[in-house]
Amino acid sequence: MKTYVTKRILQMIPLFIGVALVTFLILSLVGDPFTQMMVNPRIRPADIARLKHQWGFDLPIYLRFFKWFWSMLTGNWGLSIFAGGRAVTELVGHAIGWTLKFSLAAFILAFVVSVPIGIYSAIRQYTLFDYVFTGFSFFGMSMPTFWFGFVLLMIFGLKLHWLPIGGIMTPGMESAPFFARVLDQAKYFILPVIVLSFFQMGSWMRYTRSSMLEVVHQDYLRTARAKGLPERTVIVKHALRNALIPIVTLLGLALPGLISGAMITETVFAIPGMGRLTLNAMTSNDFPLAMACLLIESYLLILGNLVADLLYAMVDPRIKYS
Amino acid sequence: MIGELTQQKEVSTRVEGYWYLVGKHLKKHKLAVFSMFLLAIIVLLCVFGPYFTRYTMNEMGNATTDVLQAPSSRHWFGTDELGRDVFTRVLLGGRISLLVGFSSVFSALLVGIVVGAYAGYYGGILDAVLMRFTDIMFSIPVLPLLVVLSSVIPGAGVWKIVLIIAIFGWMTDARIIRGLFLSLRESEFTEAARAIGVSNAGIIWRHLLPNALAPIIVSATLGVGGNIIYEAALSYLGFGVMPPTPSWGNILQNAQYAMTIAPWLVWTPGLAILITAIGFNFLGDGLRDAMDPRLYR
Amino acid sequence: MATRLVEVQKLKKWFPIKGGIFSMTVASVRAVDEVSFFINQGETLSLVGESGSGKTTTGRTILKLLQPTSGKIIYKGKDITKFTADQMRPLRRNMQIMFQDPYGSLNPRMPVGDIIREPLDVHSIGTRKERQQAVATMMETVGLRPEYEKRYPHEFSGGQRQRIGVARALIINPELLVLDEPISALDVSIQSQIINLLQELQQRLNLTYLFIAHDLAVVRHMSDRVAVMYLGKIVETADNDELFDHPLHPYTQALLSAVPVPDPEAKRERVILQGDVPSPVNPPSGCHFRTRCPYAMPICKEQEPAMIEVAPGHTAACHLLTKR
Amino acid sequence: MEKNEILVDVKDLQTYFFTDDGVVKAVDGMGFTIRRGEVVALVGESGCGKSVASLSIMRLIDKPGKIIGGELLFEGEDLLKKTEEEMRKIRGSEIAMIFQEPMTSLNPVYTIGNQISEAISLHQKIHATEAKKRTIEMLHLVGIPEPERRFSQYPHEMSGGMRQRVMIAMALSCNPELLISDEATTALDVTIQAQILDLMRGLQKKLGMAILIITHNLAVVAEMADTINIAYAGKIVESASAKDIFKSPRHPYTYGLLQSIPKFTEKKTNEPLPAIEGMVPSPYHMPKGCYFNPRCPCATEKCREEEPEIVELTPGHLVRCFHPIES
């Protein structure tokens, strides 16, 4: 097991570097933000050259990459070019909290809803229950996230006035007592969490269902029945345990969807999270901030996959760690 | 069990080729058949519909009487803030959205097939290099980079969007095909082809690829729906197909500012995307069942 | 004097096992471990052994479908061990293989006519029309109706598929045919049909067979000579009747006695081997069979027994024979 | 408990599969008996319905299959009339079963100890430590070395032969009256097959349960069975003592099968084997009359029109044929 873990962790290193390199190259394609300023006649070329030098954009690209990568490793993530020169770490630190809060809520909601339903659908294949939730899951998978957001906003925000139409808290609530603040925030979170988890629910239900169906036809279930076990034991002990093995990988599979889903959901509901921060950094060509955002998201993805792999190895006794 | 029971085949009078059997099984999948009809209608409407509507794409109505009209018998889906007929625009936008959906899937598949087939068949260093590259591409969040690319690649046309979606869309196909080729290259019929003296290229394209077709087709079908949604999301963020060319995505983006006073602008293009995507998902699912290799040994 | 069609000298095929943090080769599966034998023109040599004995790997290595680790493969006096894929291609006309799995060995997306014709296409033999004619003739030869050439493999039964496999192998007139367990996946009543077909074709076309099997009754019926394999090594070789009537190696004896006989009144002395076949990754020292051998002696652990010719054409590798 | 008492009496069993392409009459009027302590074989080629028949006795037929008729008397009571709950108590305790694929028949995520003791504590209502003791005893009984260590191993850590021993230990752990062995040695190598057959013979003598052997291998049957039933296309075509079946087969199918197996005790000849022509009919298009008539060398007009009934030709020797071979 130790060898396996070490091996998987070592395998991540080239991946980390590769991702950084590719992201760096793609972002560099845009060109540096200062050259673009040249179209503005009020900025003097000398100032631009000074700025370029100050931010290191006058170096050849490979040197820039190494310099940047090294400073990133040493924890110096630099300053944002446009957000008033604030530290990238500060901006990211602020945004990531919101994103983690509400994507975690969405993840948990999607998980607890879809996995049991998927399993029950498989056991009751071709019943009304199965058909209804098959329909539901296709609906979820086919729903354009932002449109769903609009529709919910229109109904619950604009028409019924039950819920706020975006943002993260009612102005003035910052100093309210803890309980009131949580309640207030929950109101703001309901719609984005539903929107973000909706897509995941659909695909996870399908995934769980087919993973369970796969197991239901295995020989060892026939053996379990031949032993005279009650049907409940056959399903819960023998089938479920095996069906859950591939479901562990959902954890890794879910992350890309959550990250790109968060970007859109945050925009629709005006949440100042990572998605919006990334998007703003991209559109304003704020190189240090954009790089930091993208890398954090990539590394989260890679780590998520690692955790899923290790969990998989833990729950499946057949995996050998040689 | 049934497989064993019916192992004794009797050669029937009809040549039951693969596609004949797939069709036979697909017919039993009611939702898939329904989706096929639905999609056919949507495609036909989008392609030919605009020739029959009373309005052209950018025709603006009378500034006082035709702006932001709710759906009526004159304007089935209402009109927008410029007095344009939404029905006509949704049909025209459908052309673009479907075009983007199909062509981006097609281009991504081409890359995915080549990468996956060669990595899976040859294995070794080639496989290691290609798959590490695939891993890297997989680990980068797609949406922000799509945004970057759309500002880097010049032009504003539909093909740009297709290219962008394809650049980040081939990895899944590559992985699926690699996995298939890894197992197919060990099969006895591959070994038989090698024993006859068939070249590697012959084995890859003539023997293995036809056997990998089923998952490719399923993935492509599901992909069309997915990419239509992708295009819409890009458009929503302001990086998709640029107006005045309408697509379902940019019609929606345009509509959000009028959400409070003209909700019909939000409903129709969104429903168009939803219904089309559901159609492709159901069809893909039906195809997956109908092409299940376990059905045709 | 019969001419030697194929000769194999000290053939070795090891498959590396990767492992550890840096995926280095940590061990090897010794599938075939210094095997030597020959096949004469027109005869059937059977390679017998249980799963994991390396018989299938041997068959595929001879055809260069697998690259040997070391040793020599000599075909008609030519050393083909180091031949590249391009050099092998013309030779593929002379040596063909038929597989075990009637379901896996035919491309499910190809009509059977195309499957049978493909060898002719690959080697550019004849005109289009001639090839078509050859396919029809071949299908009739193996007992399939030529009208069925447009049909797909899934429309045929297991036995018919094996006939298709034979047709594909024989359409380019090979001299050597490797039969890799060609009948073990078939029903009893179909097995005899295929055995008869193979024997009839051998006589008619003067074919040489390397027959790989685990069913000893079929081996007795089919072969001229028999080689017994255990854990990557040949332990005994002899003429058919000689081997079955006077087995010398303890493994051969045990194997023969393990075979059930379709006669409820036959009362036989039985040697039931204990334990499982050891892993080919880490075979026992000395004689590979010693861990299950009822006659194991101290020397068996230390020294690998040499192959000795006990009688003309009858060789075996066992320390019991040297002591005698 | 009398030795000759009938334990299982299968009467006119019909198990059909309702597929999209039509009805497959997998078992179509099959009947045979098993006495206490007797080893009975059900022999036939693939598609003859032998496995379906055995699963029918366990009432483990999955959709789209269904037992639609007949009687399954076990100790005088019809299993088809039992509720699922009553049936569950019989499975694993009075009738146990082992399967062909030792690789896939054990649950990969539980230790073998867990899987065996599960059945014991379920049927015998004993404490876990007691069940563990009994499990280790059983592992020892089926010849697994170091049973204490093996108890906590997973199936993938064992060889095929060892797993089949585990299956046998599991099946016999509650002292069943009947053990059904569905092609249990088919996937094994000859020397391992010999071990398992030897083990089963020994355990049968020691424990005295009846065994129903389902197989296509006549040689295995010759070594094991007291009585042999030959099945063809869902029906029993011949039933007799092992000796009678091998010495004087009366049905042309049985005769053809016996003739077509090469014998390794005889010297090599260049004669072709006497093979049965043609193949088993498709379950969707059964021939009219006797199901064997298209392949039968002695078929007459009558065979093509009428279906023969099974008749007792000599005491204990039943044949379903209009023109049985003279003994």
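Residue numbering begins at 1 within each chain, and the chains themselves are lettered A, B, C and D in the order written.
As a working rule, a residue touches a chain if its C-beta (ideal position, glycine included) is under 8 Å from a C-beta of that chain, and two chains touch if they have at least 3 such contacts.
Since the structure is predicted, the reported quantities are computational estimates derived from the model, not experimental observations.
Peer 1: Between subunit A and subunit C, how many steps is the shortest route if every step has to go to a touching chain?
Peer 2: 1
Peer 1: Report which interface contains more C-beta contacts, comparing A-B against A-D.
Peer 2: Looking at contacts between chains, A-B has the larger number.
Peer 1: Determine the centre-to-centre distance between subunit A and subunit B, using the mean Cα coordinates as centres, and give it in whole Å.
Peer 2: The computed centroid separation for subunit A versus subunit B comes out at 23 Å.
Peer 1: In angstrom, rounded to a whole number, how far apart do the mean CA points of subunit A and subunit D lie?
Peer 2: Their C-alpha centroids are separated by 54 Å.
Peer 1: So what's the Cα centroid distance for subunit C and subunit D, whole Å?
Peer 2: Spacing between the chain centres: roughly 32 Å.
Peer 1: Which whole number of Å gives the spacing of the CA centres of subunit B and subunit D?
Peer 2: Whole-Å distance between the two chain centres: 51.
Peer 1: Among the residues of subunit C, which are close enough to touch at least two other chains?
Peer 2: Each of 157 in subunit C touches at least two other chains.
Peer 1: Give me the residue numbers in subunit A that touch at least two other chains, ranges are fine.
Peer 2: There are none in subunit A.
Peer 1: Listing for subunit B: what residues touch at least two other chains?
Peer 2: In subunit B, the residues touching two or more other chains are 7-9.
Peer 1: Would you pull the subunit D residues touching subunit C in the complex into a rising list?
Peer 2: Result: residues 45-46, 159, 161-162, 189-195, 197-198, 216-223, 225, 242-243, 246, 256-258, 260-268, 270, 272-277, 279-280 of subunit D touch subunit C.
Peer 1: Spell out the part of subunit C that touches subunit A in their complex, as residue ranges.
Peer 2: 19-21, 26
Peer 1: Hey, which residues of subunit C end up touching subunit B in the complex?
Peer 2: 60, 63, 65, 85, 88-90, 92-93, 96-97, 99-101, 103-111, 118-119, 122-123, 148, 150-152, 154-158, 165, 168, 172
Peer 1: Could you please specify the touching residues of subunit A with respect to subunit D in the complex?
Peer 2: Where subunit A meets subunit D, its residues are 218-220, 222-230, 238, 241-242, 245, 315-318.
Peer 1: Inside the complex, what are the residues of subunit D that reach subunit A?
Peer 2: 58, 60, 88-93, 96-97, 99, 101, 104-110, 118-119, 122-123, 154, 156, 167, 170
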